[in-house]
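Chain lettering (A, B and C) follows the sequence in which the chains are written, and residue indices restart at 1 in each chain.
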Amino acid sequence: MKKLFDRVFDGADEMFALAQKALDETIAELGENAPVSMPNTAYHLANHLTYFKRQIMSLKDLRAAFEEDKTWNIHEPDLGSVFKTGYATFAAAEVIEACKYAKSDDPYNGEYHGHLSDAEVRELGVPLVTNDIPGFVVIHGKAPTDEEALELIKGYQARGIFVFLLGEVIAQARRLNMNMGFPVRVVAVGPDVWQVAHIISFVNRAAMIFGAVQPGERWDFDDYTFWRIHAFVNAFDPVSDLVVSCGAGAIAMGFPVITDDPKDMWPVPKSIIIQPDTKDFIETSLEARDIKLKITKVDIPVSYSSAFEGEIVRRDATRIDFDGSRFDSLEWVRMREIHEIEDHAIEIIGPDVEDFEEGERVGLGIVAEVAGKNMLTDFEPVIERNFHNFINCAEGIMHTGQRDLIRIRISKDAFNAGFRLRHIGEIVYAKIKSEYEALIDKCQVKIYTKSEDLKELRTEINKVFDTRDARLASMTDETVDVFYNCILCQSFSPAHVCIVTPERLGLCGAVSWLDAKAMNQLDPNGACQVVTKERVVDEHVGIWEDVNENVAAQSHGNLQQVTLYSIMVDPMTSCGCFECICGIETYSNGVVIVNREHTGITPLGMSFSEMASMTGGGVQTPGFMGHGKHFIASKKFMRAEGGPARIVWMPKALKELVAPKLNATAKELYGIDNYVDMIGDETITDDPEVLMNHLSEKGHPVLSMEPLF
Amino acid sequence: MALKGLDIFKLTPKTNCKECGQPTCMAFSMKVAQGSVQIEQCPHMSEEALATLGEATAPPMKSIKIGVGEEEHTIGGETVLFRHDKTFVSKSLYGVSVTDANADEVLAEAAKVDYVRIGEHMYVELVNVAFEGDKSAFLSAVKKAAATGRTLVLDVQDGDAAKAALDLVKDTKPILNGANPSNYEACNALAKEYGVVLGVRAEDLDALYTTVTALEGLGNKELVLDVGGASIKDAFGNAVKIRRAALKDNDRSFGYPSIVNVAKLAPGDERLQTALASLFTSKYGSIIILEKMDYGKALGLYGLRQNVFTDPQKPMTVETGLYPINGAGENDPCAFTVDFALTYFIISGEIERSGVPVNLIIPDAGGYSVLTAWSAGKLTADSIAKFIKDEGLEAKVKNHTLMVPGKISVLKGELEENLPGWKIVIAPNEAIGLPKFLKEFVA
Amino acid sequence: MPFKHNPQVFSSSIGETVLGTGEKALTLGGENVWSLYSFDGAVKNPPAVGIEFSDQGPDRSLPGVAAAYEGAETLAELAKKAEQVPGVQFVAFRLAGSDPNGDNESVADSVAKVKEVADAISLPLVVTGSNNIDKDAELLPKVAEALQGKNALLLNAKEENYKGIAVAAVTAYGQKVSGESAVDINLAKQLNVLFSQLGIKNENLVENLGQGVVGYGFEYIISTVERVKLAALTQNDAALQIPVISPISTEAWTVKESLATEEEIPEWGSREERGIGLEVSTAVASIAAGSNAVILMHPASVATVSKLIAELV
């Protein structure tokens, strides 16, 4: 087998020979002082400007430049030299094309596009930079059949990928009356390999215009093309040495080459990929260049809009009732390896809607299998929780519940409009791919309706839930490297910043540390950002220098410091949407906690809304603090003041909600059994003095604690 | 720095005697800190505690009361330089300036400006009477001005004329805006004699400062500071420097409300006066005197003032109820939104623009915007349905179509359950989409 | 006893953005003192005042407007009249006809109009598109292309369409662009960060923080502008050190106070004076809060506001 490097060098020599010949002939014909330029560009011969900072005006200039080109055609067997030779090949190709343009402004007579004007560079450059055009492909050679050529071009076109054609593929497309041209995003550049110079010129000018890259700064060009220009090459069998040498240049720019020619070809991951089946060129290419396509539409036969989110499908209007309260049902986002997933595959395992009686109640399982470079198993529940919104927005479909307690109804109208189980899959697929674009590269959906499958799956998923819960329980503020902030509420409480930690979720109760982490991954500039916790001041009460700096910056200077685990010294502020407020009860030296739902008075002599009016608005009010319900049973809950043993009163409903976890925490921290029973509630009293009697009777630990102030 | 509730609590007797009207000492302390209850309401505070608290809670800028009865106004008492830091408490007052020659005309025109907007009475609160050397003309003008019943500002540095004018209007607690570095002792005596607030002016801030401290030395702290009329630039600079000295640098000798006479700063240029009045409404003018007032100036100026002096913590609200728009009657569809004033104005404005008759229903939503009210549980299918039933709207309007703000379309199902027989329609997410939506809806 | 004045000069300053070219070029921003506080330190570039007219022509039912544009029929003639209004430092042109919910004029037609206006004037040009997200995404890049060499400002790239507009306007065709956010300091900051991630520098940006008119929740606008400027000046927040522009004209002339005719509400008097009053009050309050440029419709408003600025700085 011929070595790849040798193929590059031989190809380059071929190109240089062709260039020399063209240059000599043209000078002989026009004289060395004849001007040479490409039409409608301010960048001279852009490839020579890029590589050699040369502003070529005449054939004499071109000849001098070509001598410099040759110094890059170095046959050393190292990667750097091979890449340089690739660029030299592009330069030589530009010499050949320049000679044509020296003789005529329009050497291709409209038959081929040839040179791209600066205006075209700008027009195409904008959507490329903004990703509205996800990338471009250069297709070279002759497809096995005309039909396959057309199918490939149209496949790219349908995905919004810009197509440049070189060589015989143009004739193939023309034979099948393919409509081509800049407006339809398929450009027939030229009949030979060396017209590639125009495409490279386009790329180099884009780097100069959009990336402000300076001529001669080769590394900056490489960097720009690798990160910003999502291009790749499809080269049909046979791939000549000449094409291989151009491929070296393409690879140097970060553009992979995908070919069906295995002869003397050396696969290199992400750079040279042999895909024997040209029908798979598109998927292989997109994956090789990491191009993700945007999903904009949910493909279902009923309307899809948030207007239908609150719609209720009544019993008599129901075609089928998937009822998780009676039959095993579940929804599950499951992370997989990328190769285990066929993107957009939707599989129905079991009977579909029409196979059931009208109004029948059965079970349903929706399993979305996802993979992506930034995906973590921790994000599974974050995505899963959104199934409710995803599915509910379809007209005539109602969804309630989550995990293995779901209910989905499909209305008769939706069924008559053609809605089937596959469409639930379409919704889940489209929404996951579009809303979690930054996390998910591939997604497939399986929908189960057979009771035996569902039973088995439910057992499996319950194990997953246990694992997840255990993971959450094991995650403490100490075991993570960073916290997150959340400034979602600043629109109405501009001075407030939430610091979200594993043990302390946002005070609204809606944003956990994992949610914040996922939100940050999805939108790094959004409402949740990383807060480092490297410079510890006092880990016991929860003070970090970096946390303070973050709070100061995010509150625009309104807050200077917070003590995460204290309610007395620099407590965390509240926006106003807290689930609960705790406030000190001075008789007992403890705290009263009241939740939003409780409308009565507390032993402090204040109701929830009175306390809320004092605690909201991003103001630190020592002695009072807003928090989420789940924070109550945390070991970090006012740890600076002694922890949950300070709790002397809570509404009964709240007590019942937090009892299992709070009892466990109290047992662990203080060795007390049934701690919650010691805490007062409204059925016992809302008077502070009566409350004191209750605490004494029960032997509440707060009575032996230090005064709060 | 305002005291925290906890600091106040430490000074209370901690007996929960309830004599202050609050159930516990803690509740009392929190409310004092919040400013909704006065510390004096606790009968058991020690003198020492009161002194400590008095010093700490004394405002950096005096609140001054002028006028009497329904025409009594409070100016000053500000604690912050930017409204978002807390709130501006005393709105700027507007006045027109008269002389004997123009009083009838100016006062008649100004009297026309009299309307209510979002619960606030908009009118010209003050009349400034300028002394121009002729005492009898001045007194005649004072009489005309006094006849309006509005609170007066006597712009007079002549002791004799001032005394004569005060004799005429002493019971209405006007401002005697006449003290300067050379006459302040006499003016002070007059102000004390008649029990009125004294306005102080000087050619520059140094002289003003000296005069104010001298007046304070004479025991007068019922002052307003005239920012002067030498130039627009000086007047604005003075207004800002005075307010900033008081609030930022804690210099209490400049902790008084200001008076700005834009009539003197831009005589004859009414539009420039509008501009100046807007400037001083934004930045630190307590009393603003113009040559004239009419709706051309007032609609913008009073609107600005209403906005600037809104408490950021307490959104402006409109009254709940049914608002027929574009002549809507019982056969026209209904829509609802929240009682947050801004939302109401925007929605009603867009409905007006559409020309489509709509019965706009405003339930109690706690003064929040649509999404906030919904997420705070202040705007629910229950609360809307209850409002519609309690107000008897089902009988009042025969067209049982109810448009729901697009952002809370999630309520549709529950509304259908709570309001049987009503057709629930989802309106657009944004108000700007309403005209198109409504036109298509009735088409 | 002398009064102790403590001037407030900040160690950070707002960035500068230049609009237009040549002698008439206009620099916005650059200040390191609070807006209009020339007694604290020199105000580097005083707030600028621009006049706006739309492709639907001026509202000649207002005598002051009719007089200013008298005899002007074509867009070029209107533009020339606009730039001659006393106090005008830039001309704002609104492509109202491009609105898909209105005339939905073609991009080519709108671009031709902009060209006509741009070629007629020497003052810097500010262009407002349809304010429809999708239409602007298509229209504004073409406007930017047509205005190459003019260093114009294109208004209102929003979070949903900023990419294409900003890259085309600034990177491809050398114009300036203004983001528009919805009266929220964090949204403003987020949009500016997104611009910087596209490689667009502050010197090519202006920000519209969301506009309203006095009486209509204007307190939110005051507080947003003030907070943005405080963060920029006191916290050295680079993502907010961008000049603020306040497009007031359409807001001021589309509320009941300026729309109601004298027949409808006789006691309110002249509609023209009411509109001018709203425009002037809104402009002055916006500038006092920290805005670096205001766009007004009525020549009298322009004259009044620019006169006030000249008196103050």
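In the analysis below, a residue touches a chain if its C-beta (ideal position, glycine included) is under 8 Å from a C-beta of that chain, and two chains touch if they have at least 3 such contacts.
Worth saying up front: this structure is predicted, and the values here are computed from it rather than measured.
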item: From subunit C, the most remote chain by mean C-alpha position; value: A
item: Which of A-C and B-C has more C-beta pairs touching across its chains; value: B-C
item: Chain nearest the overall C-alpha centroid of the shown protein atoms; value: C
item: Whole-Å separation of chain centres (CA-atom averages), subunit A against subunit B; value: 49
item: Distance from subunit C to subunit A - Cα centre to Cα centre, in angstrom; value: 35
item: Where subunit B and subunit C are represented by their mean Cα positions, the distance between them in whole Å; value: 29
item: Contacts with two or more other chains, residues of subunit A listed in rising order; value: 494
item: Touching two or more other chains - residue numbers and ranges from subunit B; value: 84
item: Multi-chain contact sites of subunit C, meaning residues that touch two or more partners; value: 223, 227, 230
item: Subunit C residues within the subunit B interface of the complex; value: 1-6, 8, 36-39, 101, 213-220, 222-223, 226-227, 230, 255-257, 267-270, 273-274, 276-285, 288-289, 300-301, 303-305, 307-308, 311-312
item: Subunit A - residues contacting subunit B, complex; value: 306-312, 492, 494, 568, 576-577, 583-586, 596, 601, 603-606, 610, 613-614, 617, 621-624, 688-689, 709
item: Of subunit C, residues touching subunit A in the complex; value: 141, 145, 163-164, 167-168, 171-173, 184-187, 190, 193-194, 197-199, 223, 227, 230-231, 234-235, 237
item: Contact footprint of subunit C on subunit A as seen in their complex; value: 119, 122-123, 125-127, 129-132, 209-212, 487, 490-491, 494, 525-527, 553, 556-557
item: Residue ranges of subunit B touching subunit A (in the complex, touch as defined); value: 4-6, 9-10, 14, 16, 22-27, 30, 33-34, 84, 313, 369, 372, 375-377, 406, 409-414, 416-417, 426
